[in-house]
Structure formats: structure tokens, C-alpha cells
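Next up, some structures in C-alpha cells.
You will see two complexes here that share chain A, one where it goes with chain B and one where it goes with chain C.
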Partner chain A sequence: MTSKKVTSIKGVQYAFMLIVVVAMATIPPGTAAGALTIEITQGEKSGIPIAAVPFRWHGTGNPPENLRGIVAADLHRSGRFELLPPADFLSRPSEVSEVRYKDWRLIKAEALVVGRITEKGPDRFEVSFQLLDVYRERVKVALRYTASADQLRQVAHQISDRIFYEMTGIKGAFDTRIAYVAMNITEENDRVYQLMIADSDGHNAQQILKTTNLPVLSPAWSPNGQWLAYVSFSDNRSGANVWLQDISTGSRRPVARFDGSASAPAWSPDGKSLALTVSAKGNTDIYVLGVSSGEMRRLTKHPAIDTEPAWSPDGRYLVFTSDRNGRPHIYRVSRNGGKAERLTREGKENAGASYDPIGNRIVLVTNRGQGAGYQIGVFYPESGRTDVLTDGTLDESPTFSPNGAMILYATRMGSEGVLAAVSADGRVRQVLKVTDGDVREPAWAASR
Partner chain B sequence: MAWAIKEQVEKNWSEPGDFSGLSVAFLVKVDRQGNVLSVKMTRSSGNARLDESAENAIFKASPLPFPGEARFYEYLKEFNFVFKPES
Partner chain C sequence: MQRIWTILMVLFLGVTLAGCAASKKKGGTVEVEDATIGGTGAEVITDASASAVDSDDATAGEIITIDQDDADMDDPLGRRVVYFDFDSSNLTPEAQRVVEAHAQYLFNNPGMAVVLEGHADERGTREYNLALGERRANSVSEIFQAMGVAPDAIRTISYGEERPISMGQDESAWSLNRRVEILY
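Let's turn to the complex of A and B:
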């Protein structure tokens, strides 16, 4: 966070002399000879200071959407930006010709976002925005969009994606979708389950399946974003099965018929296979199902419970949860089967693991023991270290954003389940505005 | 005061990502009050985002914490900053 501090004040002059001597003795290449060299190794982790000016409205009545608000919320939630408060702005430009860069250097903004929305006709709007480099006084990006009112939120997310990429070098993931399950209890005491899809910020929620007293669980997006696999029940008597639903047509089918029950679907990165948990004859193991062939292959064979499979991004491995050594922990197995290797050793329990898009990190639910409950952690397979990112007691179902910069998970607020997002470094956490009941089991789509 | 300058620049440097392993160097000229007069990149890291964020940090840190005594100015009117992010 902060730089390494010198503890001795009296030593400052000595330190200064020493640095001059050291600098003269070893002059790094590309630096001026004879001059003092100061080495900077650590910055602030508070995010890039950025000013986003409210977009100027050219039209009748009120603007149809608060674009600046959507963009600012996206950038803030990512943890990579510090949004400067509009109250501090000395001017309110809406395009580069109106910008006095000095105004923005005074409040130490490194980047500036300006824009406008213009009413072009009935339900037709033009949005223009510019991302400006305050210190080099130049335009980094200038874009224009035409959209109807109900497309404006998406335009705002696309603007956020563009800013995120320009400033960090990482592809933005704001213009993406999430799926989740919402549960409500009716006056007749029926439990109504809804499978929902929404924008990455929780807005524009849409129901794609509704069942009564038959739970819906574990939605999983196909890599191309066309299909959702999820767990559901045909009736009260048969066991759980995995269903496939086409997002655009709404048509759905069970993936296969099982003697026992199937759950916890996970798509292979090529979209051709689903890893599943199958419980049959008193044993619970991981299987791989060919989506079009219907062929089943058993991956683990252990009397303990093996569940919650997830693929590595290269498709060579699967991680899963197993209690084969007592408490649940994360194991890894080749996609061809064979011996499973235990990954997590820290903590009392670890479960619900899945990889980031690169394959360097695994997000999971961790229980550190001593009554700490369940939090979201990021596990580094190379070092064996786990960083705990959240501080709830019942945090669950973590899912990486498609760019690996954020994690969506389910948590409790009072008696209700809500969705929350945390930046992958754990610095910024925020509850998403989803208001359709008891909400859980989020899944973040890889593409829109 | 080299430490004070270092701290002030670090405080103003918002690392845009993990660039450990890269480094970028600047030659900086300042006036007697510590105001940054010019920043010249003497060696690029090869990554524009790191280069620009480091240059921003130097500008944002201006005026640098300088001693009042004139004799130090000879040492400090021109010096090198090397940004070498650690993970």
C-alpha cells in the first residue's frame, strides 16, 4: 500500500549522501550520468484517478439515461479507478474543444471522460464520448453511437469497456451478462424459482424460466453465451437433472437420462462437453458428458463425495471438491482421468472452485475455521497461497468475470440472498442492485 | 530528502496494473521550489501504460519536497527517476 518508510529521521542526510554515492557508482542504463537516481518500486493501489463529467443532454425533457452514472459505477466497481467527485470539478465540458486541461490537473485527474447525448428523432439518440489524457493533453479515444432509449445502458457499458481497456490494457467485461436464481415465497407458501439473466451490473433482469416448488440450481453459461445449463427437477419424485436451455428461443431439454441424479454442470472451454456430478448407487463422482453425442465418461471413482467440477481454461484439467480426506478440499484431475491431486491445504474447508480465464488463479469458497464461516478466496496453485477477499459468513458461488478482473458471488444481507461483486484484488466490494427476492448462484457469461 | 521525494512520487503513482519486471527511466528538471519543469523519458519500459502512469506520477507530485538550503539545489536541479514496479 504505502511505500517503505525510513524510521530514522536523523539518518536522512546520511541516506541522501549514500544514495548520491550509490547512484554515482552504479548508473542504470538510460539515465543521466552524475545525477541523483531515485528508484520507485511501489505505487498506490487506490486506482487511477479519473474524472467523468455528466454527459450533456441536447433534447427535450429529461435525458433517457444517466450515462455518466452507469460508466462511473462500472469503473468504480472494477477497483481499478478512483472516480473523482463531480463537486470538485471546476468546469463541465462535454467535448474536447471545451476542455481546459489545467482544471483537471489541479484536481489530479489523470484521465477525463466527457460526452453528450443528443435526441435525433423519436426514440433515436446519438451518444458521443471522449477519453482525454490530462497530462499529455490529447484525445485517447473518441467514439459515437446511435441507439434507442433501451439500448443506452448497453452503450454506457461499451464506453466503460473501452475506457477500461485504454487505461489498463485489459479487455473490459462490463458489456456482458450474468445469470442467477431468484426465489420468492408466495402467500400460499409456494416457493417460486426464477432463472434470470441480467447485465453485468444486475440491471435489465429478464426471467427465462419459472418453476414452483421445484428448485433451480447451478446455472452455467456455454462459452458462446447461447446456452445455459442448470439443475432442475421434472417433478417431486425424480432426482435432480441437468437441463440445457437456448437463451434466444427458450427451448430446453434434459442433457441425458440418469439412474440417479445429475448436478453441478460445467462447460468445457470448447463447449463440446459438460462435466457433471452424478450420484448413483450411493456414490457421487465426476463424469464428462459429450453434449451432442450424449456419451458419458466417468472421471473419478472414489467412495467419498466428488462434486463441483470446473475446467482449466486450456481444457486439460478439472478441479473439483472432495471430502476424501475428511473435510472438503479442492482436487485436480486430468481430463483423461487418473489420480487426483490435492490442491488446497490451508483452511478448514475449501469448495466451489473455478479458474480465472488465464488459469493462474482459482476462486473458491473458503472456511478458515474457528467459526469464521464462509468467505470468497483466491487460491494460487503455484504457491499454495489463498487470499481471502470478502468478510461475510455465508459467501458462496464465486464466478470470475470473463477478463479475470472481478468476481461475482452470492452473499447474505439480513435474511435475503444478494449478489455482490469484488475486484480481484479484494479492494472494492459492492452489492449489485438485484431486487427479485432471495437471490443466489450467479454465473458470469464469457461473451455477450 | 531523497526519501521524501521518493515517498511523494510513490503516493502519486496509481499503478494501472501489474507491470513487475519492467522499468522506465526519466530525467527530471526542477526549479528551486521543487516545481517540476520538465520530464524527459530516457528509457521506455516498452509499455505505454506504465510509461504514462509513471510520468503522470512525477507531474502530480510537483512541487517535490525540497530543502530550503541553496547548497542542495546543485544536487537536485536535475535527477533521474527509475520506476521499477515490484509485484
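Let's turn to the complex of A and C:
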């Protein structure tokens, strides 16, 4: 865990310089890429003040994971908590019997997390934790886990999920997975694309596909988390196609053979259909494909570009990008087809839209004009308002967490692509540098 | 006069880069790996190991190379790349001249197959750019067909913003990346 550094920065203009320094200082050249987390906290401190005490270690040598660090990073990244600095703690309890509540009232903690890790045998650990209400002086949650060393990160995310739920009433989404694409250019000038799966914080990355000089983009998780649909190319002579890959077996197939190209897959909420973009004879439209039947149904028919379909959570509508009125904007169409309704009117361009899990908000890529470039925005269809959450110039591929509390997106750090997370209210942003190379196209799985 | 030199420089750059781009094209390979991640329970966690299965269905792509060493700058046939304005698939008069020259050549030499490869700059979403590259390739294809090139001889492929010629992040780089490559 030596490669993990957390830096709090107020004021975004200084963020970039510091990021570069931290990155160089923490990843020695030639070593395996370590996950690197950088926080960019905007505005004043806010959120629920919570104290998380380092988990006490009962075992030989050093503890295999820094559980407190993982939990604290999760909670902070959500934007809903203010993590109190351990240096201010007056005591370091590891369970409720050791807690003096006034120590925590003094530093204005509303909630307290204590825990311990006990070595039970070879590669066998017991983790216990308690979440305490400081003012009511009572235990809100007490849980115990048994795990091997390589499961401890997941245990920490489950602890974060439980704390998040107890404190906000919203289901946690830390113990979830993401997919993304990493691209590296070799010395021979080959472009190597890797389709990766990782924990929601970017750790435990696993490669599930590697291609050379054949781009990979637009990964999309099936609702049950078993399949990834994505766009790739089978050779240098064929256009883009949509592929389906079983995560557990690695077997993959093109969803269909098209006279032209197919891209932009989006699973229907019931997992039975894939909306996708098909380009044939120069016209790009949205189709719906029955995954098992192979039946294709055309949803839009317009000479303009129609692409990037995404389903509403109830499965009744799809939003998509179209330049039918000049610049790209977001439109909505019934799943049965018919006339498309324009949704976005603000900004110069809007694209890459998708719904939150409830269906009230749409996250998208927005260009406000005047050379502002592309940022991540949250669009409210009811009011037509867009809140811009980020300040990059080429931010793209936003994806809501399964609980709608966070958004993962792709941005640039210098000339390199990185993933970043922003709380849905835009208050906390964090760069997740998950591997070396150019990282893009994040997709957040709905279930683990 | 200054302007003419600038145009000539841009054209020369175009030819040079087109040559580089074409000769750099390489076969593509694919490797698939399995990634089982075990689920864990809230209270008791059972063993959840990741099994590893190699299922290599590598497909080699074809290598397309173009020799551009004797390209004549005055001859539009010597230029294999045409460029576009931002978010546009309309051909400039200059691009039109190049495309028509190739169309004429292909019309006179039936039996040759041509690949029209559409590309976009990095601005805008990747999927939109994939569609934009397709539309650019198609606007070249339309001229080819209008001038009598057999539709069966034409193949259009879009790589969107995935295969930039220039890695820079300014207009001078972007303008080189918004292109259609005429490959035969």
C-alpha cells in the first residue's frame, strides 16, 4: 500500500501540478502499476462528520490490508461524509467497550467506526467492526467477517456499504465492479487495448480481453453482471461490431453480423434486449436486438446520426444522441419507436446520455460553447436544467453508480486518460489512476 | 504568396502523414481471458478464487501497406487523405478534387477494391465520432458511386477518434485527424 497517496487540495487550479508530483513520487519506474487515488475536494467541508479509527491488528507482522484507509476513502469519495483526521483523535478504541463517547463529542464526530483484524490461521482473518452513534451513545451496527487476505478489500467495501446505508438511508455501492478500457502504445507503435474489470475504487484490476491495433470501446454490463457487451473490430477490414463476453468463462461472440457496422450497446433493464447503433449505407440509426432471439427492430429512421442509446430504468423509453437539428443533442423515444422528442436545449452540444437508477436525472457530456470543451453534466428532464459537475475539457463516458450517488467518468491528466469519480452533487471529485497507460470508457456494473 | 506556401506545406504534411499512417497499419490480434470474481456473503465468506481459463481466439488482421515514396504533389492521385472541418462530413473543394481523381482512376481500372477509412478528432464522444467517421467515409463513397465506381468495390470503415494521426491536443493536430483515408 505504499503506492497509495491521498492528497486533499482546495482550489482546482493547483490540483494539476500536485497530481503530477504525487504520481511521479509514488510510482517508481518499472514497478507494477499501483492504484493511485487523488482527491480534489471542492468548496467547504461538508457532509456527516465521521471518525474512523484505524482497525486494531491482532496478529504477527503487519496487517495485510489497511481496512480503515479503504473505508475512509470510500466514504469520502461519496461526498456525503467529512472524515475527521486521525491525528485529532483523543483515543484509539477497537470496540465499543473501549469507547469514551466524550472523546468523540469533543472533536464533533457524529458517528464513530471502530474495528479490529484478527489473524485466525494461515491466510484466515476475522474482521469485526462497529458503527456507533456518538450523541445517542449506542451501537448502530456490529458485524463480523471471516476472509482470506485477498478478500479483505471486499470486506472493507462491504463495511463502507453498511455505514453508507445506516447514515444516509441509501444502499451503498462500494462493493461493486467497474469495467474500463486501457490503451498502451508499444515501442513498435502498436496500440494495445485491454478491457479491464476492477473494484469500484479501481483496485483488483483484471484483464478480460486484449487486442492489438483493434480498438475496444463502449463496454456495457448486463443487469445481472454476467455479461459485458462492447464494441470492437475483428480485423483491419471489417467495421465496428458489438461483442458479448461472458465474464466468468471468457467466451465471446459478435451479437450479430451486420451489413455495415454496429456500436453503442445498451442493455434493457430486463437484460433481454440490447439497444445498439447500426450504420448501414451511410445512415446511422438505433435498433433493438433480442439477445437470445437475434431479432432486430429498428427504432429510429432519420438521415442524421442517431447513436448512444440508453434505457430508462422502467424500460419504457430510450434516450439517444442525434444531430438531426445541427449539433448533437439528446432525444427521447418510446421503446416502441415513433416520434422522438428533443430533451436538451441548453448548451452547444450534449451527448452520451444515460439515466440514473431512479429515472429522474440524466448524466451526459455537455459542451457549453465559447471554447469550454466537454464536461460532465446532470440534466433534469422535468425542469430542463443542467448542472455541470466537472471542469475538464475532454470529460466523457459518464456512468452512474448503481445507487445513483456517484458518477464515474473519463478525463485527462496531462495528455493521459484517467478515470475520475464525482459525487452526484458535484462536491467531491477524485481521480482513480488504475493502471499505467491511457484509461477510458468506464462502466459501472449494476450488481456484483 | 505566404498563403500559397502555407497551403503547400499543409499538403506536403498531408502526403507525408498519409504515407506514415498507411505503412504503420498492422495486423490485429485478440486475446480473451476469464475473470471470475467470487461474491462474498455479509457474515461468513466462503472461498472465492478466480479460475483462469485461456481461450485464445486470436484473429490476425490483414496488413495494408501503401508505397507513397514517389507521390507527386501536383497530382491529386498522389494524395490518399482528405480532411474535413469540425463535426462536418462535407468535402472541401480541394478534397473534392482529390476524391474525384481517385474515382476516375478506379472507374478506369475496374476490379480494384477500395477501402474508405473515416476518422474524427478527439472532441465529442467516442460513439458519436464513430458515426461521424462513418458519415465522412460515406460522403466520399457517394462521389465514387456517382462517378461510376461499382458499389461492390467500395468498403467503408470508421475508426472514429481511435486512430489519430497526430496525438496533439490543439487545432493543428485535430485538423489532421478529421480525415478519410483512401486505401487501394
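Following the convention adopted for this analysis, the second predicted complex is superposed on the first by the 401 of 448 C-alpha atoms of A that agree within 3 Å, B and C clash if a C-alpha of one lies under 4 Å from a C-alpha of the other, contacts with A are read in each partner's own complex, and residues count from 1 in each chain.
To be clear about the criterion, a residue touches a chain if its C-beta (ideal position, glycine included) is under 8 Å from a C-beta of that chain, and two chains touch if they have at least 3 such contacts.
Quantities reported herein were computed from a predicted structural model and do not represent experimental measurements.
*Asks:* On the A-aligned overlay, A:108 touches which partner chain: chain B = first, chain C = second, or both, or neither?
*Replies:* first
*Asks:* Let me test your reading of the model: by the given contact rule, A:148 touches which partner, first (chain B), second (chain C), both or neither?
*Replies:* The second partner, chain C, only.
*Asks:* Looking at A:208, would you say it contacts chain B, chain C, both, or neither? Reply first, second, both or neither.
*Replies:* Only chain C is touched by A:208; chain B is not.
*Asks:* So which one touches more of the residues on chain A, chain B or chain C?
*Replies:* Looking at chain B versus chain C, the one contacting more residues of chain A is C.
*Asks:* Is A:170 touching anything from chain B or chain C once the two structures are fitted on A? First, second, both or neither.
*Replies:* A:170 contacts chain B only, not chain C.
*Asks:* Please work out whether A:136 is in contact with chain B alone, chain C alone, both, or neither, and reply first, second, both or neither.
*Replies:* Once the two structures are laid over each other on A, A:136 reaches chain B alone.
*Asks:* Tell me the contact category for A:85 with respect to chain B and chain C: first, second, both or neither.
*Replies:* neither
*Asks:* One more residue to check, A:245. First (chain B), second (chain C), both or neither?
*Replies:* A:245: touches chain C, not chain B.
*Asks:* After lining up the shared chain so the two structures overlap, which partner does A:122 touch, if you call chain B first and chain C second: first, second, both or neither?
*Replies:* neither
*Asks:* Could you pull out which chain A residues touch chain B in their complex?
*Replies:* By the definition above, chain A touches chain B via 2-3, 5-6, 12, 15-16, 19-20, 23, 28-32, 35-49, 80, 82, 105, 108, 110, 133-136, 167-170.
*Asks:* Where on chain A is chain C touching in the complex?
*Replies:* Those residues of chain A that touch chain C are 143-148, 151, 154-155, 158, 177, 189-191, 197, 204, 206-215, 217-218, 231-240, 245, 247-252, 261, 263-264, 277, 279, 281-282, 284, 305, 307-308, 321, 323, 327-328, 349, 351-352, 365, 373-374, 394, 396-397, 415, 440-441, 448.
*Asks:* Spell out the residues on chain B that touch chain A in their complex, using ranges where they run on.
*Replies:* Interface residues on chain B, with respect to chain A: 1-7, 9-17, 25, 27, 42-43, 47, 49, 52-57, 59-60, 75-76, 78-86.
*Asks:* For chain C, which residues are in contact with chain A within the complex?
*Replies:* 24-40, 42-45, 47-48, 50, 53, 55, 57, 59-64, 87, 115, 122-128, 130-132, 134-135, 138-139, 141-142, 155-160, 162-163, 167, 169
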